């Protein structure tokens, strides 16, 4: 099976996820700046989630550039990733509605962790299918970013009930780490074959 | 008419259906785990529907890989399938909101049954057009999966008013049966021609 | 400019319109059949609108199959058509919410009329650009369907305040007329050139 | 990286933005024309925003026609543009809900200004990558439209707290200026190379 339609479908779902999140940011009642302040936590949550979904789209894009064929397993791991991402509008609006209280911040972290794990599994499975010597096989050998992210997520989830603000900062740090696009695959694509 | 634009449109509609279902899972009031428990039935409903829509996307994908041209009839049968799928967000949220009570579980089953029937009609019509000796014509000869699914749906609908839990289990069994992608078409595609 | 991206964008908008309409059909409170009966007018409205949007997608598809290039005017006429179609979720849910009372039925008719006019203008403009002797130029010469539709719309709008049911029947008749896909363009495409 | 998937993703997001705006226009309670009058400000806001999003889609389309490759920076500037556009459903419905009062009109102007700035940065960055002598490099040399728009936005924002109606008129003037598609790129594409 070719990757074309899988990419198009994933793009569609991701595009919708990124956009429906803003629907959960309801226009406040009252036409004043103080009325607007009520949606500020929702707005901050939206920005964080937008960046995350943007990063996933970006990395998804990079991943499937290096893959030529997908089997049934990759297809379902991709659907699991989309499922985890599709929960973000829910956890984002719960976190925003409750002004970054402990439990919603914790749940948001779990959601991010699930997205990260499913992406790692997807990338691994895709790399395995293409072979260890393939572009993607080489590109994904070092996994420092992934390890740091997972550690930070677990740390943020563990600490959320005590210091939700530190959890939020951790999520932001992970986002910043990933804002630099995954150049490993690009580098491998441009490395001359020996 | 080529299948390209029909596939793209179907992908779009399916991508939106899969994503808007999560919109019906409203963020609960209150920032506690017990507040979260209220949306648990909605979450379970969402998972089941997500898997079903994923299966339909997957099989739709397989089906149109084997088809090269579509006529007006296939086009409208495809729209009927999309219509049935588009009702899933409604029946899913009704079932979740009412914590799996009899009538909503029954309606959900009818919705799944309608989706199944319209997919079977679509596949049949597409196979007919391509000819009995075509890839898809051969691939769809044995229909055990379809028969078992339809029987399970009818059984689940009949029993829903008495034991909605058993109906739910039946829906889940059908989903598991279909989680294994429809390899019949793939197999036919790779069978050397005599 | 090529038609590819315009078709993709239109498909996206139409796919979303067709799907968000179902979002306006809120899951009723209560898990009984009588609770479900409350959404019946919304369901009927949804079916009619789904068929209409399906027809427009279908005819839009046929139209742009025959067109190779688009200029700025066609691009904006296409956006006006999408704008008119995007109002359908609003007028559909207003008509359903109010159980087919006069004014909402009248507004729904105006919406359908606007869609029809903008489609006719789009087709005309596209045909003009391609030239009278082009495939589309020839295909759109006889306009019986268009004329009957416009007449029925105007009649339905005029009568809506007195007999909204007759208006509804008129809308359904127009839909049935158009359910038969626009074979004129297909016929022209397959006519051997002299 | 090729522009194909970036265009498809942007189209998806823009298509959803343009369509979800209409979801914020809730069907009014009551089946009379006076009930309909309540949504009139929302309708006017929707028209303005629809035209703006249409213009951005149009210009985005023109821009990426002239670009062949995108780097990480262009990719993220594109996401920032999509982020700014995704806020339009929020600011549009706030402006409509509050019948064009000062602060919402001011916020709407800030939103439009942010969209304009991010588009200019995107176009600049894309032009830089392609080189000053490239099609897009030449096409974007004169920037009269951009300058007038920015000035009008700043003026409209400054005056919004006193005369929101004049701000609204300013937004409309900018829209009209841009309704004429960006022929500079098209002209350059058709200029014979010396």
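Lettered A, B, C and D in written order, each chain numbered from 1.
One rule holds in what follows: a contact is a pair of C-beta atoms (placed from the backbone, for glycine too) under 8 Å apart; a residue touches a chain by one contact, two chains touch by 3 or more.
Predicted model, so just to flag it, every value in this text is computed and none were measured.
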Chain whose average C-alpha position is farthest from chain C's own: A
Rotation angle (°) superposing Cα atoms of chain A on chain D, nearest 5: 90
Type of chain C:chain D copy interface by residue overlap (half), same or different: different
Chain C-chain D separation of Cα centroids, rounded to whole Å: 27
Rounded Å distance between chain A and chain C, as computed from the means of their C-alpha atoms: 38
Per-residue overlap in chain A, given as positions that touch at least 2 other chains: 8, 12, 16, 20, 23
Touch-based graph of the chains, sorted into line, ring, star, complete or other: ring
Every chain pair meeting the contact rule: A-B, A-D, B-C, C-D
In the complex, chain C residues that touch chain B: 7-8, 11-12, 14-16, 18-20, 22-23, 25, 27-33, 36, 47, 50, 54, 57-58, 61, 65, 179-181, 186
Of chain B, residues touching chain C in the complex: 1, 5, 8-9, 12-13, 16-17, 20, 23-24, 72, 75-76, 79, 82-83, 86-87, 89-90, 93-94, 97-98, 101-104, 107
